[in-house]
Amino acid sequence: MPVQYYIFLSIALFCIGVMGVLMRRNAIIIFMCIELMLNAVNLLLVAFSKMWADAGRVDAGSAQLFVFFIMVVAAAEVAVGLAIITMVYRNTHSVDINILNRLKN
Amino acid sequence: MYTDTVFLSATTTPFSYFPIVLQLLAALGFVGITMLATHFLGPKRKTSDKLINFESGIEQRGNARQPVAIKYFLTAILFVLFDVEVIFFYPYAVNFKSLGWEGFVAVLMFVGFFLCGFIYIVKKGALKWED
Amino acid sequence: MDWFFILEKILLISAVLVLSLVVAMYSTWGERKVAAWIQDRLGPNRAGPMGLLQPLADGGKLFFKEEIIPTNSNRFLFILGPSVAMMVACMTSAVIPWGDTLTIAGHPVSLQVADVNIGILFIFGVLSVGVYGIMIGGWASNNKYSLLASVRAASQIISYELPMGLALIALLMLTGTLSLKEIVEQQRHDYWNVVYQPLGFFIFLVTAFAETNRAPFDLPEAENELNGGYHLEYSSMKLGFYLFAEYINMFVSSALMATMYFGGYAFPGMDSLGVSPNLLTILGFLALFVKILVFIFFFMWVRWTVPRFRYDQLMRLGWRVMIPLALANMLITGAVVLARQH
Amino acid sequence: MLTVLLILIPFIAGLIAFGLKGSGPKVLGMIASLASVATAIGTVCTLHADPKKLSFVTNWIPQLGSQFRVGLDGMGTMLCLLTAIAFLLVFITIYNRDIERPNSFYGLMLLSQAGLVGVFTAFDALQFYVFWELALIPVYFLCSMWGGEKRIPVTFKFFVYTFLGSLLMLVGIIYLYFQTPDHSFSWTSFTSLQLSMGDQKWLFWLFFVAFAIKMPVFPFHTWQPDTYEQSPTPVTMILSGVMVKMGLFGVLRWLVPVLPEGAAMWTDVAIVLSIIGIIYASCIAMVQSDLKRLIAYSSIAHIGLMSAAIFAHNEQGTQGVLLQMFNHGINIIGLWIIVEVIQNRLGVKNMDQMGGIARKAPRMAIFLVIISLANIGLPLTNGFIGEFLMFSGLFQYNHWFMAFAGLGIILAAVYTLNMIQKVIFGEGNTLTDTTTDLQPGETVALSLVVIMIFVLGVYPQPMLDLVSKVF
Amino acid sequence: MNALISTALSGVVLMFVGLFVRNKQHIKFYAIAAIIISFIANLALYPTVQLGSYIQFGMIEVSKFSVLFNAVALGATLIYFLLSGKEFEKVGEHVGDYFALIFFILAGITLASSFSNLLMLFLAIEIMSIPQYVLAGADRKSLKSNEASLKYFLMGAFSTGILLMGITLIYGAAGTFNIAELGLGADPVHPLALCGIILMAFALAFKVSAVPFHFWTPDVYDGSPTVFTSFMATVVKAGGFVAFLRMFHVAFAGGAVSHHWTLILSIITAATLILGNFSAVFQQSVKRMLAYSSIAQAGFMLFAVIAVNQFATQGIILYAAAYSLATIGVFAVLMKLKDYTFEGFNGLARKQPLLALATTIFLFSLAGIPVTAGFFAKYFVLSAAIQHGHLLWLVIVGVLCAAISVYYYFRVIMAMYFKQGDPEVEPISGGFRAALVLTIILVLVLGLCPSLLIGWL
C-alpha cells in the first residue's frame, strides 16, 4: 500500500484525538484521546520507517525504535495520569474537567 | 546497528494474517449465532424479583459500582509500567546473539534499573496485600 | 488469490474451532471423572456409556435455559462480556501448529491456520484482551460480588502476565524466533525446549494456571467468598460462554505448553520411522494431542489436589516470587546461550 | 585615578552609611561630600595641567567589547564639580534637621551621588546606561520613603517614565553597538560612526526621548512638578539642581556628536518643543500658589531654554548652555534651600499662607531676593552671562525662536517677583509671625551660593575656560 | 553526559534514601550532597569540551554550551535546595521522593541541553514533564493541587502528542532523527517538514508557556505547592527553553526554512510579552503575579530562540541563571510569609530588612535593572534580536513591556518599604539567611560581571 494511505489514516486518527481532547469533558476520555494521538504517531512512524527503508536508508529502523520509546513514555504517562485521575476522583467524586473550574473559587 | 532486525527484514506480508481474519470472522459468527439462538430458544418469564441483582438473598443496597480498594488501581498502574519494560526485552531477545556480551551488559544495566524500581515499590509497600 | 487456499483455511478453521469446542465439552466430563476418581467416586455415568453424553446434555440445557439480564445492569456490556471472552478463546488457536504439512491432491496443506512470524506475540496480545471479557462482565452485572470478582480477576491476570512474558523472553532467546512453527521445527531436530528451560517451563505453567483462572488460582470465582464470582448474574448460554471459554483456554494453554516446551507435533524418533509424510503428519498431530491431554489431565489433577490460595498469597507469589524468578531465568538463559556461542 | 576616586568616595561612604547609627551618617556624609568637593577641585586643576591623567580604562565585559572607561573633559568636570557642591550644600543645610532613619537617607543620597558622577564621567555607552539607572534607583527610594502624602504613586510615575526612556535608549545603544566596526561601546567608536540618514532619523528619537524625559522637555514633563512637590526638599534639590542636567549632558555628549545629522534634521522639532515648554511652564508658574510647584515649573522653563539652545547648534549657544548648567544648578539649589527653610519653619508650601517673612527673617529675605534675581538672569549675577550667550546662539539660528524664548524671560520676571512679593513682603499672619531667621548651617550654605552667584556673575572667565575644554 | 548520569543516579539513590532514612532533615542533606556531586561531575567535563564538542552514541552532543547550561541548572537547583529545602517537609510525607523527582527532572534538563537526536529531545521533554505532574499534585489533600496536577497532566500530555506528530512529520521529510543532518534548508521547503516545524513550535511553546499556549500556567503554578512552583517556573522552564533553542538553532536554522518560522515565533513572542505583562498587572496574589511574570519572562527568552546568533546562546544561559536565581529567591521569601497577596508584604522592610532587601534585589533583577543579573540577561537577548536585523519592532515591544513589568514588580517593593503593616513571617534560620545572602551576591556579581558566566562559553 502507498505510504499516503498511512499518512492520511494517521492524520485522521490524530485529528480525531485532538478534537476529542478539545471537545470532551471527561478526563478519562480526554486521556484516551491523547493516547489515540500517540498511537496515530506510532502508526505514522512505522509507515515512514518502511518508506525510508524502501528508499534505501539503512537506519530506517530507528523510527521503529522510536515507537518503542513512545510506548514506554506513554506508559509512564498513563501511570502518572491514572494516579492523578484516581486522586482527583477520590477527592471530588468526578472526573469531569468542568469541576476544576469550580475548584478555582 | 540495532536496526537490521528480524522485525525489519520480515518477509511475511500482511497476507499471512489473512487466515487470522478468517478465523476472527468464524469466531464472530459462532458467538453471534449462538447468542441469538439462545435468545430465541429459552423461555421468557420475567418477573421483577427475578431481574434484580442477586446478593445472597439480601436486599441490594446502594450502587455496586463503588470505588474498590486503591491496591487494585495500583496493581494496574504498576502493570502498565512493568509491562512496557518487558516489551523492551523482546527486540533484545530477538537480536541478542548478534549483540553479544556488550548488549548483555547493557541489558544487565537495564535489568538493574528495573530491579531498582521493583525493590522500591516493594519497600514502599505497594504490593502489600496483607493488611 | 487461490480459492483452494481459502477453502483449505476455512476447513481448517472449522476443524480447529470444533476441536476446541469438543475438547472443552469433554473436558467438563473429564473433569468430573477425574474428580470422582481422585475422590474415589463414580462421577457421571447415566447419560450414555460412562456418562459420555453428559456434556451434550449440559450444553443442551444451557441453550434452553431462560436468559436473564438484570434490570440494573448495562445491557450492551452484559452481552458483550461473555462474547469477548469466547471470542478470545477462539482466536488464540489460530497460530498454533497442529501438525506438519499434509499433501492433498498435490497441494501442501499446513495444519496451522496462520504461520505468522510473531506467533508468540499474537497469543500474548490476544490473551490480554481476555481480561476485558471478565472485566466487562463483572462491571455490567452491577453486582458487588461480580465487580469485586472481576477486579480481582483483572489484577490477577495482569499480574501474572508479567512473569509469563519474561518466561517467553527466555524461550525466545533460546530459539531466536517468535514463530511457533519454527520453534517446533527446532525441537524436532534437537532436544525439547523443556530440557533447556525447566524453570521457564515451570513459570509458564504456573502463570498459565493463573491466566486461565484455574485452581489453585480460581479466586475470581471463589464460591465461598464471592457467590460464584464475576459470572454470578449470568445464565443460559452467556454463562456457558464463560465456562466454555475457560475450558478452551485450558485446552489452548496446554497446546501452547506442548508446542513451546514439549516439541509440539514432534516426537522422538519421528524422522527415522520411514513412513509416508502424510502419515507422519497425522502421527505428529496425534502426538500433540496426547501431550495436550496429559496437560489437561494435569490441570484437573491440580484442581482436585491443591487448595485455593488466599488473595494476598496469590499476589505475593505473582509479584515477589515469579517476577524475580523469571528475570533470573531470563538472564541466566542469556548468559548461558552467549557463553555456549563463543 | 582622580575620576575613579570621584565615584568611589560617595559610593563607599554610602555603603558604610547604611551601617552607621545616630549622628554617624550625617558626619560621614559631610566628610564624604567635602572630600568629593576637594577631589572635584583637584580634577579641575588636573584638567588644566594634564587632561590625560583623568582617563581610566579597564576591561569590563570582554565578550561584549565593553570597557570600564571613565574620563573627564571640561563639561564633565564642571558637572562633577556641580554635583559635589550640590551635595555639600544639601548636607550643610540639613545638618541640624532630624531625619527618620538617617542611615538609609544618607546612604541613598551618597549612592545617588556616585551614580550621577558615574553618568558624567562615562565614556562607554553601556557604562553610561548602567550609571544612568543607578542614579535613578536611590532617588526613587529617597522620594518614596521620605516624601509627601502622595509620594508613592507620584514617585512611581517618575520612575516608570525615566525607566521607559532609558530602555529606549538602551535599544539605541545596542543598535549603534552593532554598527561599530570593532563592536565596541566606547564614545570614540560611537562618534566616529558614519550612519546613514535613515538610521539617524529614528535613532535620534530613541535617545532624545530618554533625555527629554529626564530634562524634562514638553510633553515629557508631566512627572516633574508632582515629583518635585512630593519629594523631600533635599532630594528635590538634587533632582532639579543636578539630575536634570543628566538629560542635557546626555544630549551634549551622546546625542549630538553621535547622531549629528539626526540632530540637525529634528532640530526644529526639538526647539519648538522646548519653547512650548518654556511658555507653557511659565504660564502655569504664574498662576501657581504652591511654592514648590512654582519653582518646579520655573525649572521646566529654564531647562527648556537650555534645550532649545543646544539644538541651535552653534558655539555660543552651546557655551551658554554649559555655563548655565552650572549656574542654574547653583541658583535652583539656593532657591530650594530657602524653600526648605520656609517649610521647616512654617510647615506649609502654599504661598497664600505666607507673607511678611522679611520682617521676621531679614537675612533669609535678602538671600531669597538675590537668588531669585540671579535665577531670572539679572546682569552681574551668574545667570546673566549664560542666558545671554544662549539667546544670542538662538538668535543666530532663528530670531523668531529667540523672540518666543525671550518671552520666557519676561514671564519669569513676572512670576518670580510675584513670588517674592507674596512670600516675604505683605501682611504677616499668625503662622509667619513665629518664623525664626536662618540658622548657622543654612546661612553658610546660602552664603556659599550667593558668593558663587556674584563671583561667577562678575568674573565668568574661569568657568568659560573650564567648559571650553572639549575632549 | 556526566551530569546526566549523576543526576539520574542521584534520583535513584534519593528514592531509596527516602525509604530508609527517617529523618527528613537528613534527606535534605543527602540531596544537597548529590547536587553538589552532580555539579562537580558536570564541570569535570569542561576541560574535555574546551577542545570542541563531541557526540556520544549519535544521541547527545556534549559541548561547552551544554556543560555550562547544566552547570547553571544544577547551580540554581543547589540554591533552590538551600533556600527552600525545608519547605519540602510541609508538602507531604514523601520528602525523599520529591527530591528524587527533582533529580529526574534535572536529568531531563541535562538531556535537553545536549540532545542531538529528536528521540532524545522527546525523552528530555518527557523526563522533564512527567515528574512535574506528580510534583504539582504532591499535596494530595488540596483540591487546588489536584486541579493543577490534572490540568497540567492533560495539557502536557496533549502537547507531547503534538510534539511527536511534529517529530514524525519531520522524520517523514528528512528520513533521519539526527538534528544536525535534517537538512531542511532546501527551497522550497518540504510541506511535511513545514507542518512538522509548526507543530513542534507549538508544542514547545506549550511547554514553555508562551501565548497562546499559556493558559494552563497560572492555574498550575498557583495550585501547585509553592515550593514546587518555584522550581517548575524557573529551572524547568529554562530547560524547556534550552530544548527549544537547540532545536531551532541547530535543526531549523539557515536556508529558506528559517523565514517560515521566524514570523510565527515573532508573533508568539509579541503576544507572550504583551499578554503576560498585562495580565500580571491585574493580579492580587504575588504567587499568581509570579506565574504571569514567568509567562512574560518567557517572552524575553523567546527572543533568544528566534535570533540565531552568538548573543542568543550566551543570552539564554545568562537569562536562565538570572531568572532562576531571582525567582527562586522571591519564592523562598514568599514561602516565609503567611499571606501571599501584595498586602501580605506590607511593612516587611521594618520587620525583616534582609528579606526585604533580598526581595528588592531579586525583583530588580527580574525587572532588568542594571547591576543585577537580570539586566545583562535582558541585554543579551535584546542584543541578539537587534543583531538579527528584522526584529526591531519586536525589540521595541519588548522594551515597552519591560517598562510595564516594573509596575507589578515594584508593587511588592512599594508594599515592603513604603507601606505600613505587620506581616506574619515564619522564623528565619541562620542557614536561610546565609543562603539568601549567597543568592544576593550571585545576582549582583552576575550583574556586574556577566563574563564570569558567559566567559566559559
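In order of appearance the chains are A, B, C, D and E, and numbering begins at 1 in each one.
Rule of thumb we're sticking to: contacts are C-beta pairs under 8 Å (C-beta built on N, C-alpha and C of every residue); 3 or more make two chains touch, one makes a residue touch a chain.
Every value quoted in this text rests on a predicted model; they were computed, and no experiment measured them.
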Required steps from chain A to chain C (each step between touching chains, minimum): 2
Shortest path length from chain C to chain D (each step joins two touching chains): 3
Leading chain pair when contacts are tallied as C-beta pairs: B-C
Farthest chain (mean CA position) relative to chain C: D
Whose Cα centre is nearest the centre of all Cα atoms in view? E
As a quick test, compute the distance in whole Å between the mean CA positions of chain A and chain E. 26
Just curious, how far off is chain C from chain B if you go by their C-alpha centres, in Å? 15
How many Å are there between the centre of chain D and the centre of chain E, using C-alpha atoms for each centre? 42
Can you give the whole-Å distance between the Cα centres of chain B and chain D? 81
Pull out every residue in chain D that's touching 2 or more other chains. none
Note the residues in chain C that touch 2 or more other chains, in rising order. none
Two or more other chains in contact with one residue: find those residues in chain A. 59-60, 62, 65, 76, 83
Each pair of chains that touch: what are they? A-B, A-E, B-C, B-E, D-E
Quick check on the complex: what are the chain D residues that touch chain E? 60-63, 126, 129-130, 133-134, 137, 141, 144-145, 151-152, 156, 159-160, 163-164, 167-168, 170-171, 174-175, 177-178
Looking at the complex, which residues from chain A come into contact with chain E? 7, 14, 17-18, 21, 27, 30-31, 34, 37-38, 40-41, 44-45, 48, 51-52, 55, 57, 59-60, 62-63, 65-66, 69-70, 73, 76-77, 80-81, 83-85, 87-88, 91-92, 97, 100, 103-104
For chain B, which residues count as touching chain C in their complex? 6, 10, 12, 16-20, 22-24, 26-28, 30-32, 34-35, 37-39, 41-46, 48, 50-56, 60, 63-66, 68, 71-72, 75-76, 79, 82-83, 86, 89-90, 93-94, 96-97, 100-101, 104, 107-108, 111, 114-115, 118, 122, 127, 129-130
Touch list for chain E against partner chain B, complex: 12, 15-16, 19
Flag every residue of chain B that touches chain E in the complex, lowest number first. 113, 116, 119-120, 123-124
